[in-house]
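Structures for review follow.
Each of the two complexes below includes chain A, the first together with chain B, the second together with chain C.
Now for the complex of A and B:
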């Protein structure tokens, strides 16, 4: 029978369910605004938490932040300088040696050749536009990376160069374009370079990771370890890095606050409307003997249920948004940061409480006498 | 009449009750020191032109509102001395409301609307609620939502809801104001049988014929009682 279907006992959960289902579109609107609030909080906090890491990672792409040279310009560094620098800089840093010499092409004109750790350079100078990095260090002829202007001057892939009367055959494995001096140079593996020219590195490029303070510490250690050398921070880069990170951080924090405020106002408007819409229902309940607590509880539980569902949906959505933002802006994935979940929950609760305050006030001041008066 | 022999117990007593509404355009004195007493089991009709204070009076008697001056005693209790919470409790136990607009909760079935009154009063009892619904002749509509019921049927559900907690006083503000003649007949019949069962009824009405069903008629004008008389056809003598 029909009344059997609806005739079960009366309980708070049942009243809640009926009320939520009865006003489907209103419920959905409330749910959407609470979901958005949770999603925004999640996405921004996830980004915020991952920001340091991602930005430092980005800055690595701009190359070295410390340069070590001999005290007399152009003179080679002590032979053990590379090993000492590697030790002092620590495992999170990269150290790439560079040695330079001027060799002669077959037509007699000069060209700068450089010996380096090609693997290290590839990691450090990731902004170089390279067609193909030489992979085999042991091959004959020696595989080299040729600047685009040098390649044009040479005209052929296989060629030989002469230094101090000693001639070696070389082969271009790929070209490099930076728009700078690198375009006119030829890079070959340091071992091959040293055994050909006998020239040792004059420059070590160090890429230290971490905050400004951490970089400063690496700098101090290197200065202590290599007292006879010139250890210098690439200052502009280090300061720019710190600046950008702190500015981006405060930008995100203030937009988080603004967006959450906006969302709180939306939720407030929705909840207020939902109380106003039903003030007669609540007034009837009061006339039937419902206490202030009954009515307040009914409304708060409704808001709480919606806030929890919104929180769950919003958290998932927010993690997705953070992931996509990371993908588009940093070309790296940003994964959910679990430790922000309590913060998101707290923020959402705060939004819900703020938004429920005014409707609750309205509920408390509901006058059944005025609302239920026969017209 | 036999009633005169033993002086009936007074259930409601108003003494110099005044109620004023303060609005933007000044103060309206809706009730102007009214004194009135109602005996247990009496059926009182309240009449008067629109704006004369009928609803204000009913709200005071229903503990939905408080007086600005004077006193209201219901079932021996001075309403002014009750806290808000005590008043809520007192209202649930003492007064049943029958509204002109029915005011059923739209997402609850007829039966559940009745059970809601039980819920806020003490505990729900499905059988009892069903019996109340049957008493108003709607036993077969228990599962219907208010939107699936006619105006007359909704008013009958409202009456069943007002009765479910056995309140000594029933308040009806224009109970038939929204009903056609046939439904008015049904509702009037229900009120009469309730009165015969011993319920005290305070009823606001514009309809003189309906007012004649009551024991006594009180006429309000500008917040004052201007006339008070026995109804010509006292139903309980027939």
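Now for the complex of A and C:
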């Protein structure tokens, strides 16, 4: 008895190796299926885990999602509002001040001039189609960004505008087209605007980053920090964003479940067939005196080894696929998410062990002699 | 002989066939569902994104500059030119008419409001609320509420009053608070009594204005049948390199392609064509943002569908390999009995093709049903059967099954029949 047990202990790894190497094409097919299932699970779960972040990032294309104005429409904000807002909004958010005045053109008609941080506007308002951004802040005449409709009304590149009896020469550095109110305006750097008109910012546009909840948190912080001002989320953006993100999430989730289920069942079927096919080995082993437990152990160990190797290859492959999808689709990399590894491992091991256990249960009650004699 | 062999094979080896067929069925189901979702997600998301509001604006070409600050236009009402309300139905007759989901004209003006204790000037805008637009037999309900789904209404939208001048208005929430107005109150606007039918909260400058039926605004202004600008919401295709080209500089063939693609730019171009003396422009903030989101989400789903396709192909191929390895003995026996390699290959490949066609067809049906269910769950509207996917799915099923089984069949035929037969005996 003792002798036999030692013999078993010695021969199990060898048995395992022989068994895996002997049927190379079948082992390879099983390994491929297990690798595929792990790779697909890894890629999809990684994508799903990073989906929110990537999508919310895309929604920044719509520009500012919070607008701060004074309680009384048209009144300037307190002078320190910009500094307070910048601090309250946090480092991930952008804050761009806007000041407006209505100036007169030479023919006496009105035109809206706006003072802003042009660098900030350039970063938040990505949809502005600008022919050339004004670069030199110190130049005289002041370099401005002119809306396409305003440019048409003005006629010339160099012009002067009057505000409160004070006339200044300006020069168009480039035009902006948005299809909206901006087309009829002229944008100046904020300090040039303030020294001309004496008007200080009336609006702060805040582009808060992150999920709907994070935007809500920024909104609360801004409300606390600027109690005298009107802090409002741009409803249309925030609501539609939450809606689209949640729908994409559920779409991704149903795809994920569908694909994983399909792959898992296919792999299960492959492995089950492969084990069933070896009922002769099983019978021989039993006829030679191996117990049900020994044989079961061998089969399970085989499945385990295959699943682990498949898991390793699949995880690496899946991370690669997720990274590539991120690069192609979102133009930013999607990095491996470690916390999904246990889920992938669980799935793979479950499939492999089930695939070994189901046929074993079927074979358990068969007599070796019946098996060896034929079907 | 040959058909009988195949029939016998199907009748006698049901379990083995079942396994291979199951793999093909599952694979094609997943692939069909994913492809159906991937190809229709753009359309579905487009409708979700319509919640962002209009993506095209139409205004008179001869119009003066907007004098708009904080969303309120302070241009004198007399300045500038107008569009004709009666012309707007023509927007529903352009090439991409079915992509136009909403048309909302606006007529801004400043009115005098008198309440119990004060008289003041207030900005007001005339809108369609639920306007029935008719062209021939077709009829659509259009207006501002559909274009601005984020507007929160208390009470009801003012009725348009039929042929008479309406006497109901809606009030922006901030203005209502400032004037102490409640639902059902009556206030005097331009010396006429008006009932407050609704109070609207929009989160932007509209909260400081009156929202009135278009006919009422026209009556106050003394200019029946005019509108200042029109906002249009259209389902569009994400902008690509072609979309940004100037249509008048394209070759005739490219111009046709540009014209027949539902870009925001080409829809705006077609609106300008049907409404002379107007400018139609894409509202870039909305159009560009939508375009970015749309291409990312459709791209993502297509890539996921591609990944599903690859995974399903590999899983099916692996199943086929196993299924053939199981039947090596059969091949050995046939060869021992004198069958040529061609006969055996023909037999096996016909069997597999039949299996793939059957499994593929069933998989296509199941997958389409599944996609429909998922569409209903996620978007509240089903995803229609896409007949284009059927040939693609069948072809894929056949190719993958053959590719998966061919190596094992060849390998089995290369071996000596005696070796195979002895191996397991």
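The rule is short, and it goes like this: the second predicted complex is superposed on the first by the 264 of 375 C-alpha atoms of A that agree within 3 Å, B and C clash if a C-alpha of one lies under 4 Å from a C-alpha of the other, contacts with A are read in each partner's own complex, and residues count from 1 in each chain.
Keep this in mind: a residue touches a chain if its C-beta (ideal position, glycine included) is under 8 Å from a C-beta of that chain, and two chains touch if they have at least 3 such contacts.
In this text the structure is predicted, and so the values were computed from the model without any measurement.
By the document's definition of touching, of the two partners only chain B reaches A:286; chain C does not. In the overlay built on the shared chain, the residue A:163 is in contact with neither chain B nor chain C.
Of the two partner chains, chain C is the only one touched by A:262; chain B is not.
When the two structures are aligned on the shared chain, A:22 is found in touch with chain B, with no touch to chain C. Once the two structures are superposed, chain B and chain C can be ranked by residues of chain A touched, with C on top. Shared-chain residue A:304: touches no atom of chain B or chain C. Once chain A of one complex is fitted onto chain A of the other, the partner contacts of A:294 are limited to chain B, with no touch recorded for chain C.
In the superposition on chain A, the residues of chain A contacted by chain B and by chain C overlap at 280. The touching residues of chain B, when paired with chain A in their complex, are 55, 59, 62, 64-65, 84-85, 88-89, 91-93, 97, 99-101, 103-109, 111-112, 115-121, 124, 126, 141-144, 161, 165, 173-174, 177, 204. Chain A contributes residues 1-7, 9-10, 15, 18-19, 21-23, 280-281, 283-292, 294, 367-369, 372-375 to its touches with chain B in the complex. Against chain C, the residues of chain A that register as touching in their complex are 25-26, 29-30, 32-33, 36-37, 39-40, 43-44, 47, 51, 54-55, 58-59, 61-63, 67, 69, 73-74, 100, 102, 109-112, 125-129, 149-150, 153, 177-181, 183-184, 202-203, 232-237, 239-240, 243-244, 247-248, 250-252, 254-255, 258-259, 262-263, 265-267, 269-270, 273-274, 277, 280, 321, 325, 328-330. On chain C, the positions that touch chain A within their shared complex are 19, 22-23, 26-27, 29-30, 33-34, 37, 41, 45, 48-49, 51-53, 56-57, 64-72, 74-75, 79, 148-150, 202-205, 208, 281-289, 292-293, 296-297, 299-301, 303-305, 307-308, 311-312, 314-316, 318-319, 321-323, 325-326, 370, 374, 377-379, 408, 411, 424.
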